[in-house]
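Okay, got some structures for you below.
Each of the next two complexes has chain A plus one other chain: chain B in the first, chain C in the second.
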Partner chain A sequence: MKRQEGSKGTLGEPSRGGRLMRLRGLVRKEFLQILRDPSSIAIAFVMPVVLLLLFGYGLSLDAEHVPLAVVVEEPSAETASFIGSFQQSRYFELVPLSNMRQAEQALREHRVKGIIYLRENFARQRRSIGAAPVQIILNGVDANTARLVQGYVNGAWEKWLELEARSNGVPLTIPVQVSERVWFNSELRSQDYLVPGLIAVIMTLIGALLTAMVMAREWERGTMEALLVTPVAIQEVLLGKLVPYFVLGMGGLILSVGTAVGLFAIPLRGSVIVLFAASSLFLLAALGMGLLISIVAKNQFVAGQIAIIVTFLPAFILSGFIFDIGSMPWPIQMITHLIPARYLVAILQTVFLAGNVPSVIWPNGAALLLMAILFLSLGRWKSHKRLE
Partner chain B sequence: MVALPFPCEQSARVGEPDVAILEFRQVCKDFVSRRKRTHALRNVSFRVRRGTVTGLIGPDGAGKTTLMRLAAGLLLADAGEIRVLGRDAAADSLAVQATIGYMPQHFGLYEELTVEENLDLYADLQGVPEEQRSQRYSELMAMTGLAPFTRRLAGRLSGGMKQKLGLACTLVRSPPLLLLDEPTVGVDPVSRRELWSIVYRLVQQQKMSVLLSTLYLDEAEHCHEVVILHEGAVLGQGPPASFRSPLHGRTWAVSIPAGKKRDIQGKLSGAPGVVDAVIQGERVRLVLDAEPSPEVSRSLAELAGAPLEPVPPRFEDSFIAMLRSRRSGNGEAKAANRISSLPNVSTDGAEETVIAVRDVQRRFGDFLAVNRVTFEVKRGEVFGLLGANGAGKTTTFRMLCGLLPPSTGLLRVAGIDVRRAAAAARARLGYMSQKFSLYGNLSVWQNLQFFSKVYGLSGRRRAERLAWALEQFQLTSLVDAVSADLPLGYKQRLALACALMHEPDILFLDEPTSGVDPLARREFWHWINHLARQGVTVLVTTHFLEEAEYCDRLAIMASGAILALGTPEEIKSLARSPRLPHPTMEEAFIYLIEGANKGAAGP
Partner chain C sequence: MWQRVAALIVKEFLALLKDPKSRFVIVIPPMIQLLVFGYAATYDLNDIPYAVYNEDPGAEGRELLAGFRLSPHFREIAHLSHDADIAPLIDKREALLVVHVGPRFSRDLATAQSASVQVIVDGRNSNTALLALGYVRSIVHRFNDQWAARHGQPKPPAQLEMRAWFNPNLESRWFIVPGIVALLTLVVTMLVTALSVAREREQGTFDQLLVTPFRPAEILLGKALPGFIIGIGEATVIVLLAIFWFKVPLWGSLLTLYTGITLFLVSAIGVGLMISSLAVTQQQGLLGAFFFLVPAIILSGFATPIANMPSFIQKITLVNPMRYFMEILRGVFLEGMPFLMLVDQFWPMAVIGGVNLTLAGWLFRRRLY
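Up next, the complex of A and B:
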């Protein structure tokens, strides 16, 4: 990196002082621009806050108060007791209907997400093997909720059978007793793992999208051309961009962690240092990607589009932030290894919910370091003080 | 022709003839895009001598910016050598960049930063020690007149002020060589003149050398040396006088009554021996291929109905003569002169007002883009709106087309209130925007078809109009050519054909000739004159002062207001004084702007 300057430092001052002065000038200029440009502020602060509130409050993957139609053909003490086990649950909101026609109508109109249908010979059939006294019809459009309802009904059915048997003094022959206990996120709150993962998305936004766009803006307005014909070295131009947006990205991180812990009461069980170290590495990788994009795209629109497609969307979809990587088909799983956000999401979710788990932190941290080095050196290698 | 000290008299003293501070030797540069290879520069050789101003003159696409970027080490040449202050611009680009001052097009300013913050940034980048800055800044601010505005954001400065701030930023550490890429284009004539006087001062007092590119041919006269660039090749180089001298005795003018100037100009431009004939207010200016014999003079005078008077040659004349002799070889010469004559539209309603603009204002937030503008255009008139970028020309145009509602005031086009019935008004007018709004990836035929459909033509009428467009604008042989690949002159014709598809009787042209070479510009005006003779009303905007002379009447605009309105002669005569018995359009414009500024500054 110093090759160019060292051999040709015949005039001007290639000295450390000159370089520091140039870097200071560039960094100060960048901060002034950020402060005065509403679009930078919007991407750096408004978008993260919107995302945090949206994911913290609005979007929940947990099903609660799911409306279910109940059709009982022949009410009896047993059906009442079975239905009662649903009524106590906070997950469901029961809608009693008198026949299946009405229930199917309600399902079609999305007034209910499913139907529990108890046949007339409920009491008799439940004792005979192979019979199906309970029918569940679910609206599969919302697959997530459907699966949840299915699981719950199954559980409720078994539990109810067991209780019935015990109260009747007949031991039920279930070979294995399932004793459930959920670790790390015992309340199964989706914000607890969404909000930590969101930090990766927010830092992608600032590191890659914003950086790519402000570089493109310099090309668009012709200021880059004016900068290049000064004694400034290309690595100083790059550093002049990296430093301010690194600071901005760390600001986004503090904002997100603060909101996560303060507003959403998400536990932070691991070390803050690990959290910040991993996030810094990720931010460097994101900045490297932003620089690379700006080398290809010299106008803001194209830079924004590329940044969204190659950095932002993968951070959303392929990082394990919302969708579990393990359940993706293997070619997609392979691709996720190229997404830096994947490694940060793994670390974030672990550090927040489980604590410092070395076997997660070290390999993912190493991957982040590798990615940061890769993207930054590619960005440096591809940047020239020329327009071609 | 300009009230500036003519620099050539100092050149012998200031310039050291044999010291080339910048030298191009046989430089070639191609750009390769997916489809084709374009030759941006072909075998370009020239030198900039120490302590001189060298002007790089040529239309858009001539290769001026490529040449500047090569000199600044921002591009690498494919062949040839470029030496800047004794260094190789390619191998030693960092050292070259550390030495020279370079102002790109659009001045390279950060709009979110104030004047002072922009200066600080460039001072940091150029390594100007802190203790020298305040003195240097005050020198620069005094020189550029920006001292009262140091705290203003650069984005809020006028075009002329931005240009001067851009220059100040490149001068924070007084460089020995200054490269200025189109610093004066689109800027008002007062700011242009101020920039030139700053440049002279730098050359004289600090022995700076300057390479400056421009679109304006009249600026050649301000340079010590001129390099004419055309389609990537050097067409000529030397002091401006060396371009003018071969034309002595070949430049003439005839006075013509106002009503007939277009007819006579049309006749004269087709006459044998005439290289160029342009309208200049009440006169037609002629450039002949040789010094005329008495017979030739007599026959031309007969044609014009008035005697020929000799006029001094201009730089532009020689440029035109050079281009004509180049092009006559490839059969493109005077294509426009072969227009089939069309039946003249009746000129009965000659006094009818076609466009009326009364007390129109347009605000954008707290910015007054157009301020109480009033004018009228009669049928068959060519009316010009002349002004710098940001003067309010385009905003006025958009309001007239019904694309933008005025904040207050009345706009009538063909008797229709544009605010009430914009669509009805638009059906009567043809519009051609700055960058010829054609679909570049469609063929000529597809463009014509598309516009005919957009204007709602169908059946026989549509077929007739399409045939008319091809025949009238001589596009028949090019129907399948992709529009983006057409030469500029043909693009112009196609755009005009599209705008005229629905036979509008009013034509709006928004800077139709910006960046076009002077031959293409003449051809374009030839079409416009032709249309005007048929009774089409033409409203045209321009920032070329000479084009103002082609109009019947014009309005000079600055910061949103009309400064003067009248025929070219009337406007020029406003600036008449004992010191300036025959003011040019530029001098009149400067006189008007300075008057307006004085009025604004007064109590």
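Up next, the complex of A and C:
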């Protein structure tokens, strides 16, 4: 078997040259193994691009063309002008229905997301008391989208007020107007904040997937015992596992960043060096986590199960990639500190959209370094060069 | 035949549960994750950190800012006195927004009946920014109403009365927690099925199984049923937690809910076994599991609505069983949807499950190495 190549001619010599040679042999062996089962290469190079493409396009919080039913009980010039302001907005797609019963049915059947209801006395009340009520009913199941739609409805209503005032020749006086300035992402494209975070989530998967099986596989196939009888030290075995997958992982990272910038046109305002420095620290932590799983589990089946459980969902939900950490209750906020992806998400979102902000980069970078050291030394501590 | 299948099921359970680590992984982490994620996954903002930059000497500016201080959604972290203080605060993410009241605010309001207040928002998380701006607008809105009433300004010619059905307080937890039921059910099913055939292949015991008098359908049943039993059990616990711990209302019937859970489990087990029988090594099985799991969750409408996706991605979601399950869970929990209204969600899952189970059974014999 090719596994013992590293130990050739270095029996018992703790010299530096011998160690390097052994390491080279181990790395070579690992690379050969990667080439034989191309699933590792698929993990590193195919997965990031496919996932980034799918999710970069698929994940969006920007609601447009929201279908709304419109029920006008007594059409008039006034109602037409009111509805007109909604028609012009790109956020809505209006579905005219003749009565509330139909509209409520449509809302229940999910054909529309909401109802605009103008009662028969709309025009009359407008003229008599100067304020006609307009009922807006939304499907609140998706609370976030419902909130955004409420905002759009308010916008359309304000536009209508302005038009009305102008057509009546009286200047509109809104006492206080809010002038909004959104920094870093002035168009509020959700893609711009989701894609950098996605890179962190995808890298978590890659890191863990690449290494979660490798130590367990050696134990399961009995080749670990073959390695044990060679003079190779345990940290050399670990290092021999780490180096090839680190190279693969960085390749995947370069592809991801390239896709984000090249295809999704996410602005990269910070420096590439910071980006890659932080990412390589993160990759070390992620690979370290994978190795630790592999060492603790000792068989591939359990290692695979642990990898599924501890990597994707925590990175997806607890990293701040989509759900704001600041809004979580504090015990949960404490738990998020255990998720390496959290720190990379913070760095990536800042480096991509805001630039090099030292007060974000240093603490998060330090945390990543700490996580990498923690996982790798735990892995070292948990692996013994002996049989049980 | 049933006796033989029963023997297989016992063997499958032994293989799954004899390893204490495996036993632990299947049961404990999903429960912990439900609790943690149930609290973590929310779009509702509370405690938005903001800073005040008030250059206005008058009372109106202070009154407007009082609206922010009294709001439960905002937490004041600093008072600024220079333009230059704004950028560092936002850059560091210490403040999500800065409310800037200019020096002429009160004067403009008194003379021209109109003034403007500047709000600077960190747009790095565009969704948070949009929601925070929504809260800002409603505070300013309230101020305007009061001010207009006090100064005898006419009311706007139309008033919006907004109501939300099914979730009147727009709590995103009600939306997310039923989704987590789907997430964890899927994960547990994958844990049980995705590696099971691959492991036997790798260890060579699958060949032994094939030379026994078992028919492929029996082997399939033996592999599928343990996953189903564990899946139903855990789904039940998770549903109970959602109702009694997170207090999500369940308006629909249990029959509808369990029809959905059953069909979803069949489709998820189908996909899991299909991946597993396609894989030659467990490494490939794990890769396959992730290649299904991750897109299935992200493109299910769990976190971001399917309606927001471009149309070609929306087409892809049609083969995703999670998409249908998500609709069913939210429909049954929050909207009390009747059985018949969900038939369009039921049958695609049955088809996905049937196709995958058949393929998996077919692959048992065809894919020998």
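Everything that follows uses one rule, which is that the second predicted complex is superposed on the first by the 352 of 388 C-alpha atoms of A that agree within 3 Å, B and C clash if a C-alpha of one lies under 4 Å from a C-alpha of the other, contacts with A are read in each partner's own complex, and residues count from 1 in each chain.
Heads up, the rule we're going with is that a residue touches a chain if its C-beta (ideal position, glycine included) is under 8 Å from a C-beta of that chain, and two chains touch if they have at least 3 such contacts.
Quick caveat, the model's predicted, so the values are computed rather than measured.
S.K.: Would you check which partner chain A:293 touches, where first means chain B only, second means chain C only, and both and neither mean what they say?
M.R.: So A:293 meets neither chain B nor chain C here.
S.K.: Based on the superposed arrangement, let me know which partner A:25 touches: chain B (first), chain C (second), both, or neither?
M.R.: A:25 contacts chain B only, not chain C.
S.K.: Scan A:37 for contacts with chain B and chain C and give back first, second, both or neither.
M.R.: both
S.K.: For A:376, select first, second, both or neither according to whether it touches chain B, chain C, the two together, or no partner.
M.R.: After superposition on chain A, A:376 lies in contact with neither partner.
S.K.: Thinking of the overlay built on chain A, is A:322 touched by chain B (first), by chain C (second), by both, or by neither?
M.R.: second
S.K.: For A:305, select first, second, both or neither according to whether it touches chain B, chain C, the two together, or no partner.
M.R.: Second partner only.
S.K.: Using the superposition on chain A described above, determine whether A:69 touches chain B (first), chain C (second), both, or neither.
M.R.: So A:69 meets neither chain B nor chain C here.
S.K.: Give the label of whichever partner, chain B or chain C, reaches more residues of chain A.
M.R.: Chain A has more residues touched by C than by the other partner.
S.K.: By the touch definition above, which chain A residues appear in both interfaces, chain B in one complex and chain C in the other?
M.R.: On chain A, the overlap between the chain B and chain C contacts is residues 37.
S.K.: Any idea which chain A residues touch chain C in the complex?
M.R.: 37, 39-40, 42-43, 47, 51, 54-55, 57-64, 66, 82, 107-109, 122, 126, 130-148, 150-151, 153-154, 157, 160-161, 164, 173-186, 188-190, 192-193, 205, 209, 212-213, 217, 296-297, 299-302, 304-310, 312-314, 316-318, 322-324, 326-329, 331-332, 335-336, 346, 349-350, 353-354, 357, 359-360
S.K.: Can you tell me which positions in chain B touch chain A when the two form their complex?
M.R.: The contact residues of chain B facing chain A are 69, 72-76, 92-95, 97-100, 102-113, 117, 120-127, 153, 166, 169-170, 179.
S.K.: What residues of chain C sit close enough to touch chain A in their complex?
M.R.: 19, 21-22, 25-26, 29-30, 33, 36-37, 39-49, 64, 88, 90-93, 96, 109, 113-131, 133-134, 136-137, 140, 143-144, 147-148, 153-168, 170-172, 174-175, 183, 187, 190-191, 194-195, 199, 202, 281-287, 289-291, 293-295, 297-299, 303-305, 307-310, 313, 316, 330, 334-335, 337, 341
S.K.: Help me check something: in the complex, which residues belonging to chain A touch chain B?
M.R.: Residues of chain A touching chain B: 4-5, 8, 10-13, 18, 21-22, 24-26, 28-29, 32-33, 36-37, 221-223, 225-233, 385-388.
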